[in-house]
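Each of the next two complexes has chain A plus one more chain, namely chain B in the first and chain C in the second.
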Partner chain A sequence: MIFIVFLVIMAVILIAAAVYSVVQKDLLYAVLGTGVVSLVLSVFFYLLQAPDVAITEAAIGIALTTIIFIITIRNTTRDEDKYSEDLINRFKPEEDA
Partner chain B sequence: MLKKIFVLFLLTVTGVALWQSFRHAPFGENRVGDVENPETVSAFYLKHSPETLHTANSVTAIVVNFRGFDTLGEVTVLFLAATGLASILYRRKEDEEEEGGHLPVRVKLKSSTLVRTGAKILFPLILLLGIYVFVHGHLTPGGGFQGGAIIATGFLLMFITYKRFNVNHKIMVWLESLSGLAFVLIGLYGLVAYGSFLQNIPWTGRLNDLISGGLIPLIYIFIGIKVATELTNVLDTLMNTKPRKK
Partner chain C sequence: MNSFQEVFIRYRELMEIAVYGVAILLILIGLYAVLTKKHLVKVVIGLSIMDAGVNLLFVGVGYITNHTAPIFSPGYEDAADKMVDPVPQALVLTAIVIGFAVTALALSLVIRLYRHHKTANIEQLNSLRW
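Our next item is the complex of A and B:
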């Protein structure tokens, strides 16, 4: 019984974190949301008797992907709206003087 | 508004298509069949990985032996990804000197003593765990890819903790190339000696021994070294990239 409650709570956290990382405008928090998704997912892989996939998910999903995204955010822009604005401005055709 | 309706429409179509294709799938049923007299390919693998190959971990037996050529392709994909990233982010020495100094602007603040000491203690343990995972790939869950990823997280810990932690690029590149080459050479040895690429040697030892499974542990050790060095190189390249000046 307690195990099923645990599973349901984990599933709710998984879906909530996934939705959060899609909706969130601050990209740093969105990336942390995907990290939480990977964390819960690796627990699920372990419970579904796939320990080797769980190891991969823990190492790559939680640590490597998150850090790579954070480095990318540091080198670009943290705000989603500002980033798309920058992109639009960069490709806007220049007006003739 | 029109965009939202279109998105809803697409979602509905995808949902209906998925429901249609998974409606009759027998979830939870035993579809492997009789393992002793295999009729399906999964039953064949389950029967022959302990009996013929003497490999306790049948996932490893499938990945490295039965489907070894696919694994070579996977390793190649990772290699190409690392090479592509390095070529995009490549910066010449002169460019860096023009911008003043070659010290990476990785971290501005010094890490606290607690973090630095903890990282120093944890780093060799993480390396040891990674090596254990890929050396025991044919006995316990995990293998080359998992062990390599674990080792890369150890290097990641050092990269984000210490400002001046640097890996020797030349050694890394050589290790990566040589382990990839060794994988292909093992495959070619099978082709020359037994007539098919990546054919395992007939001697496979005893079940649950550390040295068993023929060439499987050897190949997984090479894959582990390759993945670890590749991911570390990717991290090193990314960590040393400066933000482009506006």
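Our next item is the complex of A and C:
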């Protein structure tokens, strides 16, 4: 019974973190949401009797992926709606495609 | 057998249902992000979520109820018929590393595109239009 409650809580956290990382406008928080997705996913891998996959997912999914995403955000923009740090491009009206 | 024991026996079936449902939901959420978002980093985040969902689905396919992890221990050398399928686990172990490499390549392309076009919006990347 405890196992069922634990499993449901893990599934809800996983889906909620995935939705949060998609709808969040601040890209740094969105990337941290993907880190939470990888963390809960490693717990799922351990429950599915795959401990080696769980270790690899924890190391690569949480640490390395988050680091390279943060490096990318440092080199581009942090706000999703602000596509450019350049002042000329930021206030340029959108042209019709 | 009371109802509590029935639930306790049936919980691993519920675990398979939960794993399949969560994996398909992750794939759909990532697909939504890839198809609708306009920021390049958000598209790569959607790709990463889709990758995680596919990995979870593949490990869930190889899972057998009430079987143990495919690791041989001293004293349990003949326990190969009570283990889960190790082939999807080995493939997923490779797929996680390849997924990280794909994510790193995509993010490096995002940085190059941002430095060249001074924007991270997909709709403002005009150099591939004709």
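One rule holds for everything that comes next: the second predicted complex is superposed on the first by the 83 of 97 C-alpha atoms of A that agree within 3 Å, B and C clash if a C-alpha of one lies under 4 Å from a C-alpha of the other, contacts with A are read in each partner's own complex, and residues count from 1 in each chain.
As a working rule, a residue touches a chain if its C-beta (ideal position, glycine included) is under 8 Å from a C-beta of that chain, and two chains touch if they have at least 3 such contacts.
From a predicted model like this one, the values you see are computed outputs, not experimental measurements.
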Which of chain B and chain C A:60 touches, first, second, both or neither: both
Touching partner for A:1 - first (chain B), second (chain C), both, neither: second
Superposition-derived comparison: chain B or chain C, residues of chain A touched: C
First, second, both or neither for A:68, with chain B first and chain C second: both
Chain B versus chain C as contact partner of A:9, first or second or both or neither: neither
On chain A, the residue positions that both chain B and chain C contact, one per complex: 51-52, 56, 60, 64, 68, 71-72, 75-76
Chain A residues within the chain C interface of the complex: 1, 3-4, 7-8, 11, 14-15, 18-19, 21-22, 27, 30-31, 34, 37-38, 41, 44-45, 47-53, 56-57, 60-61, 64-65, 68-69, 71-73, 75-77, 80, 83-84, 86, 89, 94, 97
Residues of chain A touching chain B in the complex: 51-52, 55-56, 59-60, 63-64, 67-68, 71-72, 74-76
Residues of chain C that touch chain A when the two form their complex: 4, 7-8, 11, 14-15, 18-19, 21-22, 25-26, 29-30, 32-33, 37-42, 44-46, 48-49, 52, 55-56, 59-60, 63, 67-71, 83-84, 89, 92-93, 96-97, 100, 103-104, 107, 110-111, 114-115, 118-121, 123-124
Complex interface listing, chain B residues touching chain A: 59, 133, 141-143, 145-146, 149-150, 152-153, 156, 160, 231, 234-235, 238-239, 241-244
